[in-house]
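Structures incoming, each one as structure tokens.
What follows is a pair of complexes built around chain A, which joins chain B in one and chain C in the other.
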Partner chain A sequence: MSEKRMKSQSKEKKYVPEISKKEINELRNSVKTASEKIIAENIERMKKTAENRPKEMEYFDDIANFFGTREKELSEAKESGKKVIGYMCLFAPTELILAADAIPIRVNSGWYDTAKLGDRVVPVEVCPVVRSTIGAKMIGLSPYLELSDALISVLTCDGMTKLGEILSDYKHVWAMTIPRVKDSDQSLRFWNDEIKSMKSQIEDLTGNKINRKKLKSAIELTQKATKAFRRLQEIRKGAPVIMGRDAMLVNQTYMWDDITRWTEKTEALCDELEEMARKKLWACPPDTPRVMITGTPMLWPDNWKLPTLIEEGTPQGVLVADELCSSERLLYDPVGVDEWSMNDMFKAIGERYLMASTCPCFTSKDGNEDRINWLLNKIKEWNIQGVIYYVVRGCMLYAMEYTRVKKVLDDINVPVYYLDTEYTREDVGQMKTRVEAFLEMLTARIDL
Partner chain B sequence: MITAGLDLGTQTVKAVILKDGEVVSRGKAFSGFDPTEAAKQAINAALKEAKLSLSDISHLTATGSGIEMAPNANSTISMMGADAHAGVFLFPKARTIIDVGAEEARAVKCDDKGVMMDFVVNERCAAGAGTFIEAMARALEVKLEDMGPLSLKAEHASPINASCVIFGESDVVTLIHRQESKPEIARAIFDAMADRVSSMVHRLGVNPDVVLVGGVAKDVGFVASLKRKLSIDLLIPEYPEYAGALGAALVAARRVKKV
Partner chain C sequence: MIFEILGEILKLTVLAGLAIAGILVILLWKKNLANKVTYLRFLVQVVTLVAVFYLFTYPIWQLIVLIVILVLPLFLGRFFCGWLCPFALYMDAITLIRKAVKVRYRLLPDKLNKFLHNFRYILLLIFLIIPFVLALLNPPSSFDLSVLLALLLSGPFEPLRILISPIIPLIVPWEGPLAISEVYFSYPYVQEVILYSELVFSEIFVTITAIIFVALTFIGSFFIRRVWCRFCPTGASIAVLNRFKGFKWAPLLHLDKDEEKCTKCGICKRVCPVQVTEVYEQKGGKINTSMCMLCTRCVEMCPYEDCLKVKMGGKTLFKSRNWLEPSTIE
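Moving on, here comes the complex of A and B:
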């Protein structure tokens, strides 16, 4: 191969076709304008649904805008020399990023319109979260993805594995292999090694050493955040003082907000919610059917259609819990450290990300039993009356675990409905029919 | 007490009028571009037959995909909920109701009072529903109503794929090129549909007695194929396409009593 050809090949993208600057700009502007409208509209609808909406939600409404406060802050932080490290799956050890004085941001896309662009790179059969993230990068839509200096790609499902590879057309991508059988000693050893090698890469990029003191304060930071996070979910056990979409938005903003501030704001929100509960200021009638969602991650701003259909439905439902890696699974489990030695802290981080996860990319001696247990615990403790099993087309792992979940829930007589959809607005009518039939069934069962 | 049920389907609107727990009349109209107008026609036809006027109806409940366009509705019920009520009313021992309409197939499990306990709907595709037969009849140059009787003459089964109307049609073309006879192809079409519907029903679980309703229940070819696939007997009412409207009318009667 001639030297000239080699040189041109190294510049060439491996996956993504060339698009003219003009087209990129046009697309970015139109999708961004549409997205700003959708963000505002979603928030308006959420305000309208809640009978008593906590005042503290205002903060989260603001931080929910991708093209606002947070984008500005991140740009400024970068100008002052800070690094931003994006990640796709929640297995990326954020504590290490924080300990290196960098900013962790999750970058998966919830934009419907960019999924169509992703179709130029991968077939439509591929998971829309993946296609949409590719599309968002193609037109530079996501400020968080754009501002990332490197991306951590954890090889969970097939879609995420190849997404990292495709995004390497644009960014430094660090792959982390996660073992599929999680409850074995060798898996944990392997995963701990992955985390250790991630440490060096983060140190190299940021130029900051991760020492014991820094790692300890980073862990303490996420522990505090976890505490606030769990407090919010605890409150949702009672009669509804917060609508599910509002809670889900709070949970999700953790993915891109400043963690210290997010923790303070969430604690403040919880104070207000507890006060509301004392005054019996409910977000909706206390006898509203209590629903849980499990399945594919559901991402702001566009992919908000299912929770919207549930909470604006006739009859109405209220989302009181979920088992989504874009919401309640984000931060549910704290890093548990016995002794604050480097070794122990690493071990604790490894365990927190691997052992606690209920992601269907895992299997174990008894299958993904942890997920079943999570669901059963939620159903019992949060008094769930019905479960919607949500899957986007192309999301094999969640789709394949349905039969098992259905069987377990049938045994305890809790209705579950399998709802499959796409990154599109056009199927809302069909979805509405199904969701409302499900809610009607829950209401009829409660009336029996 | 007189109540009415209105089922705004994708292809036709059906109306049923109920007097003291008995069906007194039925009406039907093509949905077309104006489902609201079609609904008025359907209910007026039923009222005329029963020699009643709209003001005689104490409660009208609407169902169907066009539910939001229903005129004069006092309340609504989901299609699955309506199916469950109608199924148990028509056959008191019914616990599973399969409804195959023009654009959608669904199955509902219910209790002895007709309260829906679980349901499943075909995946966003009309291949398991009536439209598929229409498209395939066109490909075979056979009248829609002749498809069923034709398929019963088939001597063997030729498998085709019915994951999608479009791909299904190209499979049919392959059979035509293979010079399969029309009865064989017609049977293949019904078998493919029945495959889709039966796997959907199996996902839900089959609790006898099983009732089949919806417009497609009138097609002898489909019924024969579905019976074969499910290996059970199916109970089919005299007017299967009116089940949704009947269920809605029954719910309307319940709601009048509740008030």
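Moving on, here comes the complex of A and C:
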């Protein structure tokens, strides 16, 4: 396997143009320095916004740094013989990776600067998440992408489909076809077969057999993580005890953190938050408009502008929920195992990824009604006063579902605002005006 | 005499002990009833089994149980099948063995499952016709409908009694016809019929049917969860009201689904021992199906809080919750 990968690395690149090593180094250094600054600045601003920031957030601030603790840990783990397996969509069965004693890491990138580099490979019309990931790989910026031994590319939207193909210029990429109709028996059968073949591929790479016991403990790990994750979301149902950005950061660190430690730290954070709620130490005034974001994934560190604008705007808003695959959808659905046999565990894993998902790349007999139901449930349970429908240019699937969502939300009289943007800092000014106008309207509605 | 009384007292004590243990367990788990509902159900099944065997030695109890079994299903749906039926306990025990030896279960194709579901009415009919055919072939001395029924139930097809098992002891009690204050509640002529069938059919025939039946049910329920419940005519007779339009209100005890909380993750469909798909497919509200046995496994496994509920009348008995405690059950 490793030989094969060596070959694929040395062979001619199909997509990516040759760039001189010098240019790569220069670009990497400049983007890295800028990025480190941005990470520090974002955290600084988050600290400033929250009136009572939980102390446990310090851990997540630390782990949020791409070029710090976690990178060191990963390279140490790699030296000790562990494999790192990256994935691009949350449909990759992380349980299997964990069961094979490998480390799962999501490698989508949120850097604005690398999106411009991606323009050299794909046109500007393409989704910036894809362009940014390509750019990050071109200059070797993301440590997680660099350290991964193989990538799992789940063919969800068009962008992700081709992203895997383009990245195979550098890495060994396993493609997983995911059926587009999510609630039919034949789709499920097909997807279960894909997961089974992924199992043998992971076993080949890591050299560890996935047996019943290992898979069971891996599933239990993710179940525990889901429990902690849901607990955090439950806490956000009440008056805002944690700022939305902080919670989003916690959710997002799951993508690259060690799962056991992440679970422990999140539980500790929840303990502290519950204590704070008892003492009525709110993160912002309890009558702040409660906003929810839905749409394209929003990735740390650069693509943090919308949550920042909402929570630092005048009037201020607070994010209490979202429907992003980079945040609340990551872990919301657990693997529900009936009998702990290999057969049933695989079925459970397959169903958890395919059937429970609300990604717009799917359709079903009733036309992705699940997503609507998710939104309605969130709006009711989390007491949401306004929804921001966030779409980056080139994200067709989310953009096309807007009218449907708008119609439903109009029916229940919840304002929804369509915000389209790009991976760029240039439109922050005009976005600020738009977001603040929306928040103004929300405040007026509450006062009525 | 003194030993008989002591024996009775001992039996009563055991029964009372079991019942109290059951209630204690229910109280212990009441806070999180849905959490351990499978264990609870198992316990209830065992208690019922013991209770039924014990109670059936007294005629008055038989009458009460008959009323319970015949009337309550109209309102409780197939609660009996899921929670009380002794044969279900037998199948669940086999399932436990299968789990212990780590053999995976097989699924019936959905279409076959639905076909079997309707087929059981025909099955019921067939078994009710058999005694008439037998009687025509070998006319008994006293020709009577009750004789025919008794013939079916205590004759060569005795192992198939399980088909209408819960009402069997009332129709053909081992101790003879059930009578309270000289009012007969079950069919007479039992002794004659038993005698008659022994004359007509050889002992070996009866033994062979019994062996085949036991073997088939064992193998079947080893590989397929609750295989008998899928075409059990008793279940059909219990749930027959649910199938008619004017009686949708009849099952007071029913499952209720919240559409908005459901993400269609499919867990309810997968964990259902009789492969009911309606819980998964229906949009929301009261779940109408006569296939559901209300074993509440789906409610126990549903990972979304308040999504699935067991409702009695308008009141929620218990509901799904964030279970997410990694299960310790193997």
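FYI, the second predicted complex is superposed on the first by the 438 of 448 C-alpha atoms of A that agree within 3 Å, B and C clash if a C-alpha of one lies under 4 Å from a C-alpha of the other, contacts with A are read in each partner's own complex, and residues count from 1 in each chain.
Convention: a contact is a pair of C-beta atoms (placed from the backbone, for glycine too) under 8 Å apart; a residue touches a chain by one contact, two chains touch by 3 or more.
Keep in mind the model is a prediction, meaning the values are calculated, not measured.
**Q** After superposition on the shared chain, which partner residues are touched by A:S341: those of chain B (first), chain C (second), both, or neither?
**A** second
**Q** Touching A:M400, do we find chain B (first), chain C (second), both, or neither?
**A** Touch status of A:M400: no partner.
**Q** Applying the touch criterion given at the start, work out whether A:Q430 contacts chain B, chain C, both or neither, answering first, second, both or neither.
**A** first
**Q** Of the two partner chains, chain B (first) and chain C (second), which one does A:R445 touch, if any: first, second, both, or neither?
**A** Only chain B; A:R445 stays clear of chain C.
**Q** Check the residue A:I19 against both partner chains and state whether it touches chain B (first), chain C (second), both, or neither.
**A** In the superposition, A:I19 touches no partner, neither chain B nor chain C.
**Q** Is A:T314 in contact with chain B, with chain C, with both, or with neither (first, second, both, neither)?
**A** first
**Q** Tell me which partner touches more residues of chain A in the superposed arrangement, chain B or chain C.
**A** Looking at chain A, the partner in contact with more of its residues is C.
**Q** Which partner does A:I412 contact after superposing on A: first (chain B), second (chain C), both, neither?
**A** After superposing on A, A:I412 lies clear of both chain B and chain C.
**Q** Where on chain A do the contacts from chain B and from chain C line up?
**A** none
**Q** Which residues of chain A touch chain C in their complex?
**A** Where chain A meets chain C, its residues are 182-183, 185, 188, 212, 219-220, 223-224, 226-227, 230, 332-334, 336-344, 347-348, 351-352, 355-356, 358, 364, 370, 373-374, 376-377, 380.
**Q** List the residues on chain A that touch chain B in their complex, please.
**A** On the chain A side, the touching residues are 314, 415, 417-418, 420, 427, 429-430, 433-434, 436-438, 440-441, 444-445, 448.
**Q** Which residues of chain C touch chain A in the complex?
**A** Within the complex, chain C touches chain A at residues 99, 102-105, 110, 259-267, 270-271, 301, 303, 322, 324-327, 329-330.
**Q** Please give the residue numbers of chain B that touch chain A in the complex, ascending.
**A** My answer: residues 65, 67, 76-81, 115-121, 123-124.
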